[in-house]
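Below are two complexes that have subunit A in common, paired first with subunit B and then with subunit C.
And now, the complex of A and B:
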């Protein structure tokens, strides 16, 4: 088993593992961000360049560093490889540059976009982006189109990650959705408009890292941080039936697949579960979904154990300070215990 | 012995007379009103843009920033022909602030990306019914007429005005 070291942390991984997956096995903040790679979709990755890392030592046999930054979602590990991600200023700078590139044509309509709050590009921009743009030319714009009666394609927001194309290829029974044209004018399109109505096509919405493909049944219903996610399941003959319901009050505003900490779908769900079952009585509720402390969705949900922990340590510190301090509450009237 | 009080009485009278010629700290309310500080945080206003369209796009940032959870809203999609009413394709069909919950901290105007909500130097009038303190769009959105618009120019800090001048930072303008 090859042994790889990423930012000083070593792990042994099976032959053929990519650097990105090895980093995910280690976990923590050394995991490179990925906008196009999706572990559940074959041949995904290699388009967005967000996951670039520096290989400072090629392998045990050939210790020369790789001449350029490599996309960690495509580069497989070799024994003795040493990789630098967040410890390399070169990588951090490159990632800021990539973010700027991704944002060149992306509109800043987050206040309108339904993806805001769970958008990977928003997170990436927040972490690596700059406050201003240097781009002065006309940005490309498209009309919004309905692909099928349940999905809205807002091509202006698309970053061409190809994830939805892979979903159409690999999950839906026939290929009817792809990328037409090349380079700067490339766009996601259906070969014949209004034909994306296959059983699993709704998963395109979940895999889209930005707000290019959105759920029409959820359009402008609520911001995601006002909804409360709850894990639920039902018996479905087309899919696993394991979903996440997004409640506002007692109403289910939308149904999505469950996502892991890298924002990837755990089990694909079918369109019938996603679009047609929006009543609590359709589902067996399991538990409120865990929302990451850093996510805006956790705002006002009071599940943030982290803050409580901080508070607890603060209180302990304060009590210790009081004990040691000569101004400790004694027999005086100020001590509430004496009343 | 009574004569001994006289100097004290005169001393007191001098102080009293002195106050006749000092600037008064009281105001003859309601004829005269005490001036508000330009950045006083009173009742909110939802601004319209220069064409009279509502600026609010129901992004929900004010509501999530609100420490008192006083703001609620429902969004709706703008229909063709409503471009003069609403600035962007999404707008707030209802927008409510519970003035009893509001602590007038001004976090909502800090959070607003569309320069829509501002706190003004107007006061929330008293009332005897709790329900009437939930202010809807009828009370919050400023009137369409140019003469009745709420002036918030005093609240725009030097930094904001400088920010608005810089072309590379302007993602808020309409094409």
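And now, the complex of A and C:
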């Protein structure tokens, strides 16, 4: 089995494992962020470039370093490969650059976005973004589109990760949406007003790393951090029926698939489970959900101690970051009206 | 005049027809090639040292030898005729005037690679060339050079012309393959390379028109003879599309190694700068290669005369050198505004970015908008550094070379002509025709 060293930590992984997956096996801070890669979707990854890493030693056979930064989600490991992620200033700078590129046309409407709190771009921005934008031009604008009666498309927030296109390709019976146009006016669209209502299409909402595709049955009902996640299941002939219910009080506000600590779903769920079964009596409740990743959601009502500790350390980290970056909050870009 | 092997007989009547081409020595190489073993042809091409004429300059024989040969899997040869680099117009000229030289080259190359179906992917805007090729291919079918059992050798080949929809990105080989398969022309992530997984998942070689057109000559005269033309590792001749402020713009075939100074000022080639003006800068290989100021294009940093060859042009790296690229030789006289020229290039790359990966999708548009600010006289000194920073964050971070192609011209212009950017900031020049461009194209101004 090839042995790979990432930021000084070694691991033996099966042949054909990508650098990103090897890093996930090691775990911790050295896992590169991934905005477009999704382990459960074939051929995903390689587009967003946030997971770029430096290969400082190609392999035992050919120790030459790779000339360019490589996307860790697509590059498979070789025996003896040495990878630098957070230990390489070049990688960190490149990642900051990519984050900036992803944000220059993003509306930064987190205060009214349903994805806020579980948005990967938000996390990426906090971790690698700058406090002040250097982009002074008008941001890209699109009309909001209803694709079907269950999903809303906010193209302004989209980062073109192609995940939803791959969901339609690989899970649904046919795909009637895709990317049209090119360059920075490329957009996810059904081309001629069409409806995305194939069974399993609801999974697009779950795979969307940003708030571009949102659940219309949940829109504006609540901030996610005010809801309580509970794992539940039911017998479903279309999917595994294993879901996560998000409660506010007695009411189930939304149903999603269960996600792991990298924000990837564990089992796909069908549209019927997601949109049509929103009563506690529809479900067999299992346990309060365990939210693994650093997020405001992990400060839920059950795991206060550990979650609060994490949150506290996060806040301290950002306060330190703020002080170092010289910009006070008030004049920065945290407020989109300042743009 | 130096040696010419591609466009030496364009003045002959009927050279664009099969009969005329044959009368002047065409289609002799096929008979010779079909008697050779495919490996021998690959060996000849390797010996010739010919480098890909599409821009990257990768040795063609080496590319051919990389092709995977799993049993029972078809192999494909695709000719890249999606010539869209601003400043390059050599393939179009060659295909228009002498379509059979490409067809002959493709038949031999397909035989050498073991391909039974080959494609010419031609850019959508060149519809008239598409018709010329279609006609020429029909002639070749009628004469028995294409189809089943070519010249009784037992080798079958079908040649198709496929018309793209006019996208620069489809000139990138994997983008081209995707487009040929009928999908959106997004470049693929490499590896795997097309030599292993290419068209329809099969091993594929993608070659430029000019590269393939040379194959017939190499087979007829041997690779060693070809290697004698040119200089050092830059063997053979090269079609140069000369444009800009020169007296005689057009397509020239040069033997690699001609001094740049001779190429610009000799009456055999460009014939000097128009209206007796002074030379300011040259983009030596199509819009994506770094621009060089007059003193660096005529002489290298070491003071040696610069030659039209792969090595000489790239001497000094990007600090003081450039690339031969696809041979789009754009000459600019002293009145040219580098900033405006750069804006035009950047606008092109912004428009042609496929939008797949974030640095190129967002960065190219951002650079265009900043350069537009310069032309409007609203830029500040900090914008020069910002531009420099953005290009650095695009270069080398993208899936395909379009990112580099967009970043290099910006980097080179700032590196060599920073003072001109500063002048724009200080004087606040305003270009009305820029506004006009946006208006007629119904675009939103930045």
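Here is the rule we go by: the second predicted complex is superposed on the first by the 295 of 339 C-alpha atoms of A that agree within 3 Å, B and C clash if a C-alpha of one lies under 4 Å from a C-alpha of the other, contacts with A are read in each partner's own complex, and residues count from 1 in each chain.
We take it that a contact is a pair of C-beta atoms (placed from the backbone, for glycine too) under 8 Å apart; a residue touches a chain by one contact, two chains touch by 3 or more.
What you see is a predicted model; the values in this text were computed from it and never measured.
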Clash-or-fit label for the pair subunit B, subunit C on subunit A: fit
First (subunit B), second (subunit C), both or neither touched by A:110: first
First (subunit B), second (subunit C), both or neither touched by A:134: both
Which of subunit B and subunit C A:160 touches, first, second, both or neither: second
Contacts of A:71 with subunit B and subunit C, given as first, second, both or neither: second
Touching partner for A:221 - first (subunit B), second (subunit C), both, neither: first
More subunit A residues in contact [subunit B versus subunit C]: C
Lowest C-alpha to C-alpha distance for subunit C against subunit B (Å): 14
Where subunit A meets both subunit C and subunit B, residue numbers: 134
Residues on subunit A engaged by subunit C in the complex (per definition of touch): 45-50, 52, 68-69, 71, 74, 93-94, 97-98, 100-102, 104-105, 134-135, 137-138, 159-160, 178-179, 181-186
Touching residues (chain side subunit A, partner subunit B) in the complex: 108-112, 116, 131-134, 136, 219-223, 225-226, 296, 299-300
Subunit C to subunit A touching residues, read off their complex: 167, 169, 184, 189, 350-359, 361-366, 369, 386, 392-393, 396-399, 444, 446
Touching residues on subunit B, where the partner in the complex is subunit A: 57-61, 63-64, 69, 75-77, 88-90, 113-114, 166, 168-169, 171
